[in-house]
Amino acid sequence: MIRYLRSAFAVYAKDMRLEARTKETFSAVLAFAVIIAFVFGFAFDPSPSVIALVGPGIIWVAYVFTGILGMNRTFAVERDRGTLEGLLLAPVGREAIYAGKLASTTTIMLVVEVLLYPVFLLLFELNLFNIWFVLVTVTATVGFATVGTLFSAIAAHTRAREVLLPLLFLPIILPVMIGAVASTSAALSGDGWGGVGKWLQFIIAFDLVFLVLSSWAFDFVLEE
Amino acid sequence: MGIAGLGIRQGLLGLAALFFLTDLYLIFQYVPTASEALGLQVQRIFYFHVPSALLGMISFAVAAFASVVYLAKRARKWDRIAWASAEVGTLFFTVAIGTGAIWAKPVWQTWWVWDVNGTLTFMLWLVFIGYLIVRSYAPTVERGSRWAAVIAIFGAAAVPFVYMAADWWEGLHTERITGPGARGSMEHEMFLTLMFSLVTFLVLFIALVAERAAQRGIEESIEELRREVSA
Amino acid sequence: MTMNFTADAPLLAIDVQGLSKSFGRMAALRKVDFQLAYGEGLALFGHNGAGKSTLIRTLSTLIRPDEGIVRIAGFDRDKHAAQIRNVIGYVGHQSLLYEDLTPRENLRFYAKMYGISDAHDIVERSLVEVGASTYADRRMRVLSNGMQKRVAIARALLHRPRVLLLDEPESGLDQSGLDLLDSVVAAVKKGGAAVVMATHGIERGLALAERAIVLADGRVSLTCATSEASVGAIQEAVLAERGVRR
């Protein structure tokens, strides 16, 4: 168990150190997120009634698509640069590698998502500095990352990874999307636990199930 | 060689053809024309739509189950069954979506209804497509089989979540349309025809899967022989 | 991770029987057999595409065999792949090192992944051993190929493996790098570990190893003790099957 935690943390720390130094993934993902937000800004007339209706949808479409970009890079970069084998040769269970990668992907996504709060405020007058929304953001992002990290390991070994990851990923995380949009709607209209609670529990249940499932499947996916 | 001998498979295909012809008769001659509200002649498509959707879901269950067994036992037979189920299932789902759209537009003025069944059908269709595509992109057949198996299992695990989420979402957005999935009260002939259609499609499913899995088995034997010859 | 040895102490570092592997239609390895004792070196020769890399990667557990038995340090590949990874060191075509990290950071990361205690001292010692101390804090990206190779070798030796697997290690090394390679292989064998080295350098291979195997089209076409072999004979064997590709 200790070995598992230590290795997972080593992978996470290594990823964070690389990211801090190169800011490769982070800058690409942040730039993409801001662009998407602006595109929606041009596409919709930001009157309060319209925003109340489509705001939550916009937010989560933006988050999911930037997430896909980030998650694709998780394994694509390791594979292209030949370092994935170094991880595979380590005498640790594959679950530890999965856990480390999950943690680093989630961290990057969360940082970008939070950085987007002021952007959404500026463009749509959506105040996302709301504890319930933050909770939804965290749990939903973890949900995306559990499935996305696993499928990224698959997509990274193919020629069409930009297409394959969204295709595999989106149907599976559909429940999280629905939950995230619905609970965001509730959170932003001030519903608190009453409106958000049920969805939050739902998303957390999804996270737990798919965390276990992905951890288990990771070995099968990487085996040559 | 495959899961059923040639004789059985031919028998199944023959049986399926028989059922299908009888079904066509029932749908177009036996059942009286539906009410205006349900679409008059267009409503007959209902007897193709519901069984296709249902069989699509059954194929998914079969594919997911076979995938689990394949990962546990690594026996090619189970991968072939899963693969065949996925192919046939994709076909059924495509028919379900197509017929659903054709029926929905004139009757409910919308191309697709995002109720629980509709959402589930669409989502599983996408999962199946991903399942088939991932195999063609995999570096080896064996790896593709493993990846596909994982995808099928994930899809199955997501089903209860999709069901719940779509159900709650439906509840929130109260312009409920009684979509193509609604049964309501049905006249005797309609019920009978529907049941018969279900059985027809089930037989078709079994016949097609058996045939496809056997085909795959033969393809794999050929590959095996090729390898041995070049050794 | 405790190492569970099989009931009778393993006398063989490597035991391969009937190993076969195909990639789709192409058979990369066909019924390969060989054994290697501890403290011995095996030189693996063969033309490009003969299966040398596939064999080394199968021994490293990166590739799963289709058929056959692979036992390393007594551990069966099918059941104890993780234990095998604990006792092998691998130097391949790719450096397995992160370009934007320094040699020191890379080695410290791998020390953690291998669960090495006293990681700090061991990493420092390692850097000195391969002559990379001066460059220990420059990003890998700016180092020469030869220097990167040295750090890759250090990575493979960090956890004192019982079996060292080298896939064309001489590529990119200058004379002092080659000298380092020679002394590393000698030291590792003296320490009781086995070495498998796939190489195009026939002279070097024969000098460093006790046994030699020539692979051709995935099959073992020649196997002998290096004391009995001549450079010419090996060369002939390597070139012989060249024309016969299916």
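We just call them A, B and C in the order they show up, numbering each chain from 1.
Assume contacts are C-beta pairs under 8 Å (C-beta built on N, C-alpha and C of every residue); 3 or more make two chains touch, one makes a residue touch a chain.
Quantities reported herein were computed from a predicted structural model and do not represent experimental measurements.
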More contacts between chains, B-C or A-B: A-B
Most centrally placed chain - per-chain CA mean versus overall CA mean: A
Centroid-based (C-alpha) most distant chain relative to chain C: B
Separation of chain A from chain C, taking each centre as the mean of its C-alpha atoms, in whole Å: 38
Length of the line joining the C-alpha centres of chain A and chain B, rounded to whole Å: 31
Whole-Å gap between the CA centroids of chain B and chain C: 50
Residue numbers of chain A (touch at least two other chains): 223-224
Residues of chain B touching at least two other chains: 139
Touching residues on chain C, where the partner in the complex is chain A: 1, 60-64, 82-83, 85-86, 88, 90, 92, 94-101, 105, 109-110, 112-115, 155
Residues of chain A defined as touching chain B within the complex: 147, 150, 154, 157-160, 164, 167-168, 170-175, 178-179, 182, 198-199, 202, 205-206, 209-210, 213, 217, 220-221, 223-224
In the complex, chain B residues that touch chain A: 71, 119, 123-124, 126-127, 129-130, 133-134, 137-139, 143, 146-147, 149-151, 153-155, 157-158, 161-162, 164-166, 168-169, 172
Partner chain C, residues of chain B touching it in the complex: 139-141, 223, 226-227, 230-231
Touching residues on chain A, where the partner in the complex is chain C: 3, 6-7, 10-11, 13-14, 17-18, 21-22, 81-83, 85-93, 223-224
